[in-house]
Each structure stands twice: as structure tokens, then as C-alpha cells.
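Below are the C-alpha cells for one structure; questions will follow.
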Amino acid sequence: MKIVIFITLAVMTVALCLAFVRLVKGPSLPDRVVALELFSTLSVGIIGVSAIMTDVASFLDVSIVMALMAFLATIGFSRFLERGGPRDD
Amino acid sequence: MIGAIWNLLLALAWVVLTGDFSGHNLLAGLVFGYLTLALIQSHDEALSGYAQWLPRLILFIGFFLKELVKANLRVAFDIVTPPWYMKPGVIAMPLKAKTDLEITFFANLISLTPGTLSLDVSDDRRVLYIHAMFLDDEQELRRGLEELERRALELFRREESV
Amino acid sequence: MVRSGTLILSVAARLLMPLQLLFSVFLLLRGHDEPGGGFIAGLVASGGFALYLFAYGIRATRTMLRVAPQDLIGMGLFLSVVSALPALWHGQPFLTAQWWTIPVLGFKFSTPLLFDIGVYLIVLGSVLTAVVALMEGDHDDD
Amino acid sequence: MSPEVALPIFIPLLSGALSLLFWRLHTVQRFIAVVGTGSLLVTSLWLLSSVDEHGILVMQMGNWEAPFGISLVADLFATIMVILTGIIGFSVALYSLATTSRGHEAFGYFPLMHLLLAGVAGAFLTGDIFNLYVWFEVMLVASFALLILGSEKAQMEGAIKYVTLNLLSSVIFLTAVGLLYGLVGTLNMADIAQRLGQVEDNGMVDVLAVMFMVAFGIKAAAFPLFFWLPASYHTPPVAVSALFAGLLTKVGVYALFRIFTLIFTQSPGYTHEILLWGAGMTMLSGVLGATAQFEFRRILSFHIVSQIGYMILGLALYTPLAVLGGVFYILHHIIVKANLFLISGVVHRLCGSYELKRLGGLYRSHPWLAVLFLIPALSLAGMPPLSGFFAKFIVIRAGIEAEAYGVTLIALLVGLLTLYSMVKIWAEVFWKAPPEPDEDKPELASPGQRELWQMYLPIVGLALCTLFIGLNGQPIYALAESSAEQLLDPSRYIEAVMGDATKEAP
Amino acid sequence: MIDVIKGALLLGGAAFMLLAAVGVLRLPDLLTRLHATTKSATLGVAMIMLAVALHFGEVAVVARAFGVILFLLMTAPVAAHTIGRAGYFVGSKLWSGTLKDELRPNYDPLTHELKSGMETEANATRQSKDSDTR
Amino acid sequence: MEPLMAVAIGILYAAAIYMMLRRSIVKLVIGLMLLSNAANLLIFTSAGLTRGAPPLVPTGLTAPAGQVADPLPQALVLTAIVIAFGVLSFAVVLIRRAYEIVKADDLDRMKDTDT
Amino acid sequence: MQLAVLGGFVLAAFAPLLHRWFGERAGLVMALLPASLSLWLFFQLPAVTAGEVLVFEYPWVPGLDISLTFLLDGLSLLFALMISVIGVFVLIYTRGYLKGHPDLARFHVVLVAFMMSMLGLVLADNVVTLFVFWELTSITSYLLIGFNHTDPEARKSALQSLLITAGGGLSLLAGLIMMALIGDSWSLQGLTSQGDVIREHGFYLPILLCVLGGAFTKSAQFPFHFWLPNAMAAPTPVSAYLHSATMVKAGIYLLARLQPGLGGTEAWMTLLSLFGAVTMVTGAFLALRHTSIKSLLAYSTVMALGTLTMLLGIGTKEAMVAFATFLLAHSLYKGALFLVAGILDHETGTKDIAAMGGLRRAMPVTATCAGIAALSLGGVIPLFGFIGKESMLEAVLHAERFSPFLSALSLSAAIMTLAAAAIVALRPFFGTRRETPRAPHEGPPEMLVGPILLAGLSLLLGVAPELASGLIAAAASSVNGEPLHASLSLWHGINPALMLSLVSLVLGLLIFRYWGHWRAWLRPLEPLFARGPEAGYFKFMDLIVTVSIWQTRMLQNGYIRNYLVMTLLVLVGLTGYTLLARQGLTFDFALDVHIHEVLVVGLMVSGAITACIMRLRLAAVAAVGTMGFCIALIFVTFSAPDLGITQLLVETLTVILLVLVLFRLPRFASLSTSLERVRDLVVAGSTGLLVTLLILTVLDGRLFPSISDYMIANSQPEGHGHNIVNVILVDIRALDTLGEVFVLALAAIGVYAMLRFHSSEHDDRHPPSRKESRNG
């Protein structure tokens, strides 16, 4: 079981890295925002796995807050874009 | 009526969240639910069709999960194989859903279904613009979406079958 | 004039905001025993209001909120300072925790909780003050 | 349990909260401003009488015994500082009644003022190093907000520097606290001192000492870390300048005094030597900075820097007399410098400018203002028989006694240049004939009687303090002497805070 | 048995997440990338949360795990919608292989009006009334 | 793990300071953000890191069963995060207002108050 | 005694009130104080001449050994009498001179304060108190010299005199402190008795130099002499007072007072006699360059001060007597002359001697007074000035060292002084009548009282010197440190001194006769005078301003970057040096890492670096966001769920705020040069490296267990909470949290004020009331 969890974590952090690459590459702001959104979703999963690994249910609270709140960053970016904020991409 | 249902729902959500299924806690949930609803009551529009809500919901979830997995695999296949098989495009889909809630619910469902993504609703709320990944067979896609819409609307409407 | 939010966002906000507020109260009350507390709860609540702001604009949010965000700060500060004082009555140092059990509900009320509520209000008020003031600067919001 | 230990923090906190709660009711805010700062002053005097009677007073906040909870500690030095906070707070509150515009009031002037005082009092009274950080931040953010009130161009530019450099200082402070906790596992300053007392020759302790020195050096505006001060202090409303000038940098100096008499006393040959160099350079570069200025408040701002050098000099010499001199200097300087800023505000109210070349003629038209200026100005320059003379005399005497001739020479020279600056202001603002009226500038409405009284009252009060210290120096001297004794005998502080825990080794 | 299911759920979840990440990295334009994040990632998290629920098996934890899934299902499509729409309207380039675009002709970038293409007189008045009340 | 974190924190400090030394006010404020995060991590790390043992007392017990992570630095970091949040919000709005009023985002054009 | 002096200060403060009550006569009322003081002092004469020393003890700041003790011996009494007697005349005189002047009341405030400072100075026994009064005289004389404050020249002169005397004062302070510490006494009497200890101490020379720095500046010794003639910008009564009896004599008094303690050494004698002699000649020589009567008198004062210093330097008993005699004589005639000069100025409207002539008919009394006083100045028999000059010449001739040199200088000074005296006494009153700006007539009685009495005293004491010999002997005894006898007489028979006097009389008259030619000859030397010490003073002031401007440009240059670099370099330099020098780099590595942790940490760092190198603002914000999420993950991984939640919420809200703000801000510009980038990289990199090393060192060297074990154990039992972090936050360290939320609230107020203040000011309305805000 431990191995499975480690593999899971490793795979998920690799996914995190890939998302980060997209964030760096862009090319447009919305692309980066999508990458950021994915980043937060992946984090929710990673924390869930951490909870299993350490047998601490309290970590789930972090996941739950993240699931409920992290998308606000995306909403904020979207609002910026829609109102024609000065884009630099 | 609608307010009371929402209130109960929120109270239940409270109980679930706290993980404390005692009477006291339900009471607390009702109180807090009431408070939150009181906060937004001026913005609440009438909601309708909650009577046979639960069974339809269960059926719907089953249907939805099936679609979800099926379509996910198709997307997955395209992503992991080097060439692109997809034929994406933006289509306009006329809406049967009328209320804001219905439209939103349906639009989000579409977004959650692999292969389709709601972009926006026209200002007169008659058309939903959807980005689809696989437009090989547009008619089939539209039919599938209409089926989804029908089942979704059943959750909201009591008498009329859609 | 730009619309505040799309239809989908507006409806989602109407559903999500109460959930977030409820959740924030939940986080507030259980913070003493599990992760959470006044600050986290306040941030969640202000996130909820921020969502509502994005969806409906300032005027609607103000109407719903009923009090100016600045007043929330004032009330919160007042509560948190006042929560430090009951200890004086017992001749104990400031901020010494006092616990009372509310008879009917069996709910334990305490000055740390009062303090946490104050924190909650301050955080909510502060974030909202900032966000509202920033959005008002945009002028084209209703 | 003696509530007077915590009241100097809680009174302004409560005043601030109430003031914010009634933010739309100007009269109530003004009422709270006077009553709140007044009761702060009264409480601080109460605290003095208690400390005088019972020795160092300690309150374990939340009834958690030291070192686990946060202790508030009122030794004589802290008490003196709190009293000064009360004096300056009350004076500025009175003065603000006349000078604060409706706009400032509507945007939180009075709550900010109260909370600034709370932060300052908290920093003086806390016995916990992290809590000190928190009060620093309270004070700092309150000062940020006060600094930008009005949103003028100069305020913005000044504020960016002020904010950036102070945040850098906070981060250095925080870094040092984190490392210190990692090293000794405690945050209570008395406990830290006690634990470090058992450590033999640990280089890391010196490293942390130096880090704290830099962090507090920035707050205190010591050389070469003072840049934020001259960049910003002349930009806010003058009552705010006075509040800052009187109190803020002195909190940094206070912190230096506290940690370098309580915690980092292992290798004074190293740490205090650095302080000594810093003190000398601070005096010199501050006063030279002032010499190059021709704007009332800028001159005063640079002089804050140079005067900080004298205070640090007292600490750096680290003899009983020198530390006493440092305390005396702080005490004198807070009153005098705040008063000078208040006076500059009156001048501005009367003539509409802070630029020396656009001022003049006030000796003829406002002789009493001239007298009121001379008292703090000459005191700042160390002219007898005002408070500043004794302050300077003690420090210089301590310098000669400690055979630190170079820095004493600087101290003397800086005194002369300070006099030069003050006389420059005097000659330009008061003696010189008024300049030709500016065509573009609208005629100033002359201030009303009530307004003038509200401005003059605190100035007269502070000037009387200066005169009192000068003419009847013995009680203040005795106070400073006792507080220096306490500072140089940290075991008393440790015992007061830790109680029985002193004996058991951790 | 439970361990096997748990392991499968974990690995499956991780796989879907990796898929989402690969998709975001590989897919050619904004909208197609959105497809990957909204669905695959959500599904991945859902599977992991199911594993969590199985692992702990306590009511409180299971409720929270489902809470995560529910909240994600509620927020992910909204986020996808807003960013997709914003990206589309500010002119993110569509992939060259895109077949058709029925939205573009109905959108007025100056007024931000979005027509349905089926307006009548009656609809037009209704629409203006709606936007007033909003 | 701690040595790795030490290096990472060092890099964060360096990145933050590099940003603060730029001429653009926006970069300055981003630098401040990085800096405060770095400082928080430093406090968190220098007390030592513990995996998977949050400082919570299980229901029914009066103290945690085994070794748990040091709660005190966590409380300190929480306080520091909140303070940094407040201060940085202020700083963020300050740069915006400064830009509007001074009409430049170049820090080199904001030196009138000094000279 | 103390009461009288302190009361005098109070009286000064009440001068405006007196003016309200008594109007023009206020000055006369105030003159009652020095008059009664004079009387009182006069009655102390018998006791003091009998060798008694009256001490009036009074504590001030005992902790600092500062007392307000006054001491009345011969020297003090001589000075105190001069100060109060001449003070009476000056106050009376002022009434006429400044009649109707709007600032008369203020003038009286400062003048009386000055008078009292002088009295305090000469009476003080405590060195600190002496210094207090010393500085008070500097300040008050500053205010007096700048009395015509709208005149830039007056302000400049006042500043000059203040800076020089106060600068000397600081030097004096250092000297006095060192002396007191070595002599282990803060009383002048005590120090006098410790003379041998001080003289033998290694610090004797520094002390002497410091003290002389004070005394020479105050009493206008070469090369600091220039401030005194410039101080003529003051109203004439002030000049009379400053230059006859008081201010400038303070330095002389100090030297005389310290003679027993510091004097008698080679250094003392050499320095005093040489500087004194040079000053004497310089003063006399420069006096003849000027046609302004006040300047002329002022330079002759410089000459007199030089003489007095020289006499102190010579240090024989004879010299002491000569010192006291010359001092008294000078006060009498110089006081009278200045007052006369004031009358001339007041009645004719000019100060230029060349513009006056034949005034004796219009102002006979003035002319008589001027004549007597000037003859005394010139040292002509039978006036008291003659006795002073004779005894001075005697002393010089019998000096133990430099006698020929000093004699030559004294003779030439005497010659030129006589010429100056003749110019002052004869030029305006005799010869052809010249037109002056105002039609001249005799001065009012209140202006004549002073000159008449002072000139009369010069004459009286000249004829009957034994009247003064008691006082003079007492003063000379005080200076000497042990009693000596003095018998003054007009006629000592024909001796070398008398011969020299005669020579000086003849040559002096010659110079007077050809004064115009004399000035013409000296004209080519003007550039030399321009390059005198005064030019040095201005150069020095310019230098200070230049240095300060340079320093400001270097340090406070407005570039926040430079401030940051400087601050960081100080931090890294000090901390890094301390780390390397006092701790060294000793730590063990024990890497215990999981792959996903490494990746998350790596992503965090990459996020930060990406934020730095991104050229797009919002992309940088997004990168900061990823860093924040990674930090949240790290917090969770290392057992801090509360922190994780907080971090991600804060990160989310920060992103929202940033996005809202960036809406209004322009895109990043690339502004730095690559050289700057390298520099910044070095600064940033070294800071980062330092931080890493510090963490590693601390991790390796933990000294004590943490106090948090107690918190873990007690959070549930005592704090009733299962979340220990939360118990710490809201209970154990609730005060932190309390402060923290106030920070948040303050930031919000600040943000609100920043964003809204301008608009409300612009609209000139107050923020929305409760009702308005509810309606939006």
C-alpha cells in the first residue's frame, strides 16, 4: 500500500510540474489561468493522498476549503480579462 | 416553501459537514441555514419542482456518471496518442431550460461532461454556446445533449414532462 | 457599462455563497478543536462575498450585506477587545479565558470563542472593505 | 493583579475600536480622542506610581505562566516610555482637534491615531519577542495609513519608501525571531535571557544580536539605515508628523535598549562596539543631512536621525551613566521633537508653507510663538538650562568617562550643527521680514480663537515639560537613574517575569 | 479487498490527474485545454476522495470526502465557463483544426452583447428589460 | 528535508530581493510578497519539520498520543501570514494609488521627496 | 543671591507685562533690580576685601553633581559690580535710545536675561552651572546682536557670534568635564585646590586647549576676534554692555578664575601671553582701519581683551594687579565711549567719524564725557586708564619670559590705541562743522547719565586710585590663588613704563594727525585682511554645507533601490562577518527526502523564479499563485493543516486583490541595465546564501528544548481545545492575535482611505451616511 501511495504522489506531483510548465509557457493569460486552476485541483488530490498516507483526516479540511475557494482566483482573472484589463501577452 | 426546503437542505449539509448527527446539531444547522438564507432572501427567485426530486436525482446521477466515464476515456485516448483525432468547434444549442437555475445547472453539466464545454448563454437566454471537442457527428452530439437536458430538467419540474 | 457577471456565474454565486458562508460559520465554531478558527472562517466568508461581488456588483452586495464593511471591522474590533475584559471581573489577568455552558443547547460559550467571532468579523470586514473600495474605483460597476 | 500594566495597551485599543465603530459621528470621535488619550496618560502615571512602589510589574496575559504565555512587563524604562506615549498622544489629540480636516476624520484619522498609540504602548510593555514584532506591525500599519491620509503626490512617493524599507526591517526582525526560536526554543525575553545566560561563547548568539541590531536599526533610523525617515516624515499632516517624530523611531531605540541590556549582553565588546560606530555615524550624517535642507519639517526630520545617534551612544557606551543618559535623552527628545513639529504646523497654518524662504516675520507678529519655538529648539540643540542640555551633558560626560573621545567629539560637534539648524529656522521663520506675498497663493483665512487655543495648548504643555526637566532636573534624573539601574541588572527583570521558574534550569 | 479498491482508486485518480496535466500541456488551444482540466482532473480528485472515504471509513470523514467532490463539481465548471468565455472573448486563438464557430457572428465586442441569432421584436424588448433588472 | 528547505528558502529570499531591486513598482510589491512568504517558511523550518503529525489532540484524549509537530511556530507563522496579508494588501493598493497620482510606475521617477 | 539672579530671569519674563503697566518707564523700573544688586554688592565690599569668600549653597541636580552654588570673592565681586552698575546705566540709557521702538519690551526681556546670565556666570561655583550661564550669555547675546532682525547683516553677525561662542562653549564643556573628572570635583573652588593634580595629569594639555577654546572664542582672541566687531550690528546700548563689562569679559573671567587651577605651567604662560599679545596688536591695528566709531571702539576692545589675556599669561603678582586694574579701567571708559557713540549715532544719524566734525558746540556734555573717557582709553594722566596702562607696562617689562617681545608689542599697541582714542575724542567734536543726516543737539538726560557717571568714575579713580585698591587687590588675590597686596597710585616716579607711555603719546598723536594717510597706505593690504580668519570662518561654513549636500546626494538620493542595497549590504556584511568570524560554518547534512516533497519544493522555487523573470505582470501573479499553493502543500506535508488552509485562502485573495489592482497599472517595463542586474543578483544572491547558512547553522545547533511541549500537554486540559494551534492563537498567545487583527483592520482602513479619500475631497462631501450606504 505504501508503494502505491508513493507512486500516486509522485505521479501527481509530476502532473503538477506539467501544469506548471503550461503556466510558464502560456502563451496567453487565459492559458496560464487554466494551468493555475489545474494546479489547485491537483493540490486538492495531493492533500487527499497525504491524508491517507499519514492517516490524518484533518488534512481533508484543507482539501475541502481548497475545493470550495480556490476557483475564486480564476474568477478574478476572468473578470480582469472581460473588463479589458491591459493585457500583456 | 422553497425557502423551507433550502433551509432544510442547508441544515442537512451542516450536519454532514460537522459529522455530528445529533438533534442539537440539526437544530444548529437549521438556525445557521436560516441565517444564511435570511441574508440572501431578497435575491431568491421562486424555485419549482422538488416533489419527486430524490429518485430522479439518483437516476440522473447514474446516467451522468456513465456519460462522464465514457467521454473521459475518449478524451484521454486523444490526449495520450500523438495525432489529434478531435474535430473541435463552437455550436449554438437552443435551450428548453427557462429559469436561471435550470440553465445554469444544465450548462454546468455540459461542462462536466467530457468533450463539451459551455461557453456562454445568449443575452435572451435562448441559446447556449458550447465548445465541443468531437464534432465528427454533430447531430449525434446534439441529440445526446438534448437527452441530457431533458433528464436534467426532470429534476426541476414537477408535472410537465420535457 | 459591463454586466457584472454572466448568467451562469450569477446563479452559481447564488448557490455557492450561502454554502461558503455556512461553511465559514462551521469553520469558525469548530476551530478550537479542528483546523479552522476565526481567521480562516473570515477568509472563507469574504471569499463568498467576493464571489457575490463579482457576480452581482457592489450595489446588490451592499443591499444584501445591510451593514457597511467598515462597521463590521468596528464591531469585530470591539468584540475582540471586549473578550479580553471579563477576566478582570474575576481579578485575573486580561485575556484569561472564561467558559460558560449555555443550559438548553449544552453549548459551551467562551471568551476565546467571542474573540474568534471578533476576528471573523474583522477579517470579513477588512477584506470586503478593500475589495469593495477597489471595485468602486472601477466605476463601471453597478 | 494590577490592571495598569495592560491598560496602556487596552485603552487605546478600545478607543480605536469605539472610534471606528462611530466613524460617522465626528463629535463622538473627537470626544473619544481626548478622553482616550487622556486616560492613557492618567493610566501611565498610575503605572509609574505602582512601579515605583512595587518594582517591576508583570502581567501574565491569559493567566498562562511565563514563559508559555505572553508576559507584559513594566519596568521603569518601559513605564517612562509609556508615560511619554501618553503625553505625546494626548498632546497630538488636542492639537488634532484644530488641525484635522473633516476628510481626514472621515477616513479614520482618530482610530488610526489610537491604534498607533496602542502599538507603541504594546511594544514598550511586552516581554515577548514575537509579540514585540506584532506591536511593531500594529504601529507600522497604523503609521502607513496615517502617512497616506490625503493621497498627495509626495505622500505616495514617501510612503512607498517608508513602507518598503520598514517591511524589509520587519522581515529581518521576523527572520531573526524565527532563528532565535529555533536556537533557544522560547520567545519570552526574560526566558531567552536566562537561557542564553547558560550558554558559553556561542557565535550564533552574536549573529542573531547583529541581525536584531540591523532590524531595530532600521526602525530607529540609525546610520546607514535611516533612508525611509527623511523620505517620508515631512509628507503627512503635521500632527501625524509630530506623532511619528515623537514616538516611532524611539520604539526602535527602545527595542535596541531592551535587547542589548537584557538578551544580548554576552559580548558587549563586539556588539556594543558596532553600536558605538553606528551611533557616531548616525549623529554626524543626520545633522549634515539637516544642514543641506531648507524646509522646516525636513530639517526636523534629519535631526531626528542625528538625535537617535545620541540615544544609541548612551546604550553603546554601556556604562551606568551612559545608559542613564540614553534614557534621559529619549525622554527629553520625544517631548521636544514632537513639539517642534507641532510648532511647524502652527507656522504652516499661519503662513501657508514649510519652505523657509517663503516664511518670515513671525517674531514681530507672533512673539509668543517665537518663544514657544525657542524653548524646544534650543533644548534640541542642547542649550542650557533646558532639558536637552542635561541629556547631552550626561551622554558627553559618560563618553569622556568611558574614554570614547572620538565619538564624544562628534557628539559635541553635532550639538553645534544642531544649534546652527535651529538658529537657521529661527532666523528665517521668525526674524526675517515676511516674504513678498505670492500672487498665486490664495490668502489664508486666519485661524479662529478656539482653533489657535487647541493648537497652542499642547505646545505650551510640552514646552513646560521641557522647561521643567531643565529647571528641575533632579526628579527626572533620579527616575532615569533608577531605570538605568534596572536595565543594567537584567536579573531583576528575569526574576520579575519568571518568578519561581528562575531557579529551575530548563 | 478494500486495500485493492483503494489502491486502484488512487492509481486511477493519479492517472486521470496526470492525463489532465498532459492534456493541458499538449492540447493546442485554450478551449481544448479547458476540457482536460475540468473533466479529467475533477474525476481524478473524485476517485482519490473515494479512496479517502474508504480508507477512513468514518462518517465524518466520508462526509467530508464527498463534500470535496460536491464542491469541486460545483466550482470547476463555473471556473471553466468564466475563463473559457473570457479567453474566447478577448481573442484567444482557436486551434487551426477547429471546424466551426457559431458564436463569433453573434457577439458584438463593443457592447459585449451576445445574440442568440433567433431574436424577434418581442425578444429584444424582453432582453433589455432583463438586463435592467440584473 | 530541512537542508533542502534551507536552500529553497535562501533562493526565495534572493528572488524576493532581486524583485525588490527592480525599478517597477509592481515588481517591488511582488518582491515583498515573496519575501514575506520566505520569512514564514523560515520560521516554519527553523524549528524543525515533522511529517504527518499535526498538533491536534484526538477526541477523548487530553494530549496527543505520540510526537506531534511543534505547534508554536505554526501559530507564529499564522500570525505572520495574517499580518503579511494585511500589510501587502495595503502595499498593493498603495502602488496603484501611487501610480495614479505620480503617473509613473518607475521608482526612479519617485524621488522628489528626498532631494 | 540665587534668588536675586533667578528673580532677575523672572523679571525678564515679565518685562512685557511691566511695559503694559509702566509704559516707557518700564526700563527704569527694571533698573531697580541691578541697582539694588549693586548696592548689595557694594556693601559686601568690606568683607570681601578683608579676604572673606561668601558662599551661597543651593542644590540643583545633585545626582549629576550640579549645584546652583554661588561664590563671592574678589574676582566675582569686581565682575558682578561692573555688570550690575553698568547694567543700571544701560537700562536707563535704553529708554532714550530706543524710545518708541516697537520691540522695546522684548529688548528688555533679553537684556535683563543677559545681565542675569552674566551675573550667574561670574558668581557660579559649580563648573556645570558656570557653563549653563556661559551658554545663556551666548544665546541672549545672539538675540541682542540680531535685534534689528529684519536686517540680513544683523542676522548674519548674530549667527556668527553664536556659532563661534557656542562652538567654543562646547569645547569648554569637554574641558570642564575632563577637568572635573580628573580633579574629582565639580566645584570651582574644589578644582582650584586640586590644581597640582590637574597640572600633572596626562590630560592637562587637552584640558587646557579645550578650556582655551572656550575662553578665546568668547573673549574674541585672535584668530576668533572677527565676530566681535561684526556684533556691532546690535543696538548701541548692547554694544556698550557686551564690550565693556560683560560678554567678552566672560572668557577673561574664566581664565582668571581657572588661573590657580590650570595656570602657572609653561603651556599656559606661552599660549596666553602670545595669543594675548597678538590679539592686542591685531585689535589696535585693525581699529585704525575703520571710520565707523563703533567698529573702531570694538577693535580697541579686542586690543584690551588681548592685553588682559596677556597679563594672565605673564602670571606674576604684578601682572595680576595690572590685570584687575586694566579690567576695571577698561570697563569704565569703554562703557562711557560706547554710550557716547550711541548718542552721536542717535543725534546725528551716522556712525561714520569721517562724516562728523565740530559737534562740541551742539553737544558739550557729550563732548566732555567723550574726551575724558577717550583720554582714559589712551592712557593719559590723570585718568584711571593711565594707571591701568602703567601697571600693564610694568608687568610686561617684568615678565618672566618673552619680556622684550611682549614689551615691543605692548608699546605698539599703546601707540595705536592712543591714536584711536584721539580719533574718537577729538575728531567728531573739534575741527570744522560738518553736515550730518540729522541736526545734532545734546542727548536726552537719560542717555547722558551713564556717560557722565562712568567718565566721572574714570576721572575720580584716576585722581584717587586708593578708592579702588581694596577691590583690585581682592580680585587680584582671587586670580592669584593666594592673597596679595596692591597699592595703586597715579605717580610712580619716572620709570621705564612712564617713558614708554610718553613715547606712545607722541607717536600716537602723530598717527592721529596723519590718519587719512595711514588709511591710504594700508589700502593695498585690503586683500590680506580679506583673507583673514573671518574668511576662514566662511570657508568652513561653506565646506560644511558642501559636505552636507554631497552627503545627501550620496545617501539620501531618492532611489529606493540604493536604500535597499545599502540596507542589505549592512545586513549581509555585519551578519555574514559575525557568522564567519564568531561561529564558523559547521553543520551536518542529513537529507531525508521524499520525491514528491522535492518536486513540490522545486516547484515552489520555480514559481518564485518564474515570477521574477516573467515579463508579463499577470503571468507573474499566476506564478506567485503557484508558489503559494506549493507552500500550502508544504505546510500540509509537514503537519500544519491550519497553515495550509490559511496560506491557500490568503493566496487566493491576494491574487484577487492583485488582479483588481493591476487592472489600473501599466505593464512591466524593462528598465534596468544588465550591469544593474548583475549587481542586484549579487546582492540578492548573497542575502539568500546568508539566510540558507543561518538556517542550517540553527538547525544544527539547537540549544534548548522548546516551550511548546508545555502547550501540547496543556492545551486540552487548560485551554479546552483539541486544536493546539488554535488554543495558542486564541488563548495562550491571544495577545498576538489581538494585535494581528488590528493590523488587518488598520490595513483595511488605510486601503479605504487611499482609494476613497481623493474622490470625497474632490466632491467635497462626507462619506456616505448610514442611510446612503444601505441604499448603495
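Residue numbering begins at 1 within each chain, and the chains themselves are lettered A, B, C, D, E, F and G in the order written.
By definition in this document, a contact is a pair of C-beta atoms (placed from the backbone, for glycine too) under 8 Å apart; a residue touches a chain by one contact, two chains touch by 3 or more.
All figures in this text were calculated on a predicted structure; none of them were measured in a lab.
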{"item": "Other chains in touch with both subunit B and subunit D", "value": "C"}
{"item": "Chain pair showing more contacts of the two, D-F and C-D", "value": "D-F"}
{"item": "Distance between chain centroids, defined by C-alpha means - subunit B, subunit G (Å)", "value": "84"}
{"item": "Averaged-CA centre spacing for the pair subunit E and subunit D, given as whole angstrom", "value": "56"}
{"item": "Euclidean distance of C-alpha centroids - subunit E vs subunit G, Å", "value": "78"}
{"item": "Whole-Å separation of chain centres (CA-atom averages), subunit B against subunit C", "value": "29"}
{"item": "Per-residue overlap in subunit A, given as positions that touch at least 2 other chains", "value": "12, 14, 16-17, 29, 33, 35, 50, 54, 56, 58-59, 61-62, 64-65, 68-70, 72, 75-77, 79, 82-83, 87"}
{"item": "Residues of subunit G engaged with two or more neighbouring chains", "value": "552, 556, 558, 560, 564, 568, 602, 617, 637, 639, 641-642, 645-646, 649-650, 652-653, 656-657, 660-666, 668, 691, 695, 698-699, 702, 706-708, 711, 721-723, 729, 731, 733-738, 740-752, 754-756, 770"}
{"item": "Residues within subunit D bordering two or more other chains", "value": "13, 16, 20, 61-62, 130, 134, 137, 141, 144-145, 148, 151, 160-161, 164, 168, 175, 179, 181-182, 185, 187, 227, 230-231"}
{"item": "Full enumeration of touching chain pairs", "value": "A-C, A-E, A-F, A-G, B-C, B-E, C-D, C-E, C-F, C-G, D-F, D-G, F-G"}
{"item": "In the complex with subunit E, residue positions of subunit B that touch it", "value": "16-21, 68-69, 71-72, 75-76, 79-80, 84, 86-92, 94, 107-115, 117-127, 129, 131, 133, 135"}
{"item": "Residues of subunit G touching subunit A in the complex", "value": "594-596, 599-600, 602-603, 606-607, 610, 615-619, 622-623, 625-626, 629, 632-633, 636-637, 639, 641, 644-645, 648-649, 651-653, 655-656, 659-660, 662-663, 665-668"}
{"item": "Residues of subunit F defined as touching subunit A within the complex", "value": "51-54, 56"}
{"item": "In the complex with subunit D, residue positions of subunit G that touch it", "value": "59-64, 66, 102-103, 106, 128, 131-133, 135-136, 139, 142, 146, 149-150, 152, 155, 158-159, 162-163, 166-167, 170-171, 173-174, 177-178, 181, 544-545, 547-549, 551-552, 555-556, 558, 560, 563-564, 566-568, 570-571, 574-575, 578-579, 581-584, 691, 694-695, 697-699, 701-708, 710-711, 714, 718, 731-736, 738-740, 742-743, 745-747, 749-750, 752-754, 756-758, 760-761, 766-767, 769-770"}
{"item": "Residue ranges of subunit F touching subunit G (in the complex, touch as defined)", "value": "1-28, 30, 33-34, 37-38, 40-42, 44-59, 61-64, 68-72, 74-79, 81-83, 85-90, 92-97, 99-100, 105-108, 110-115"}
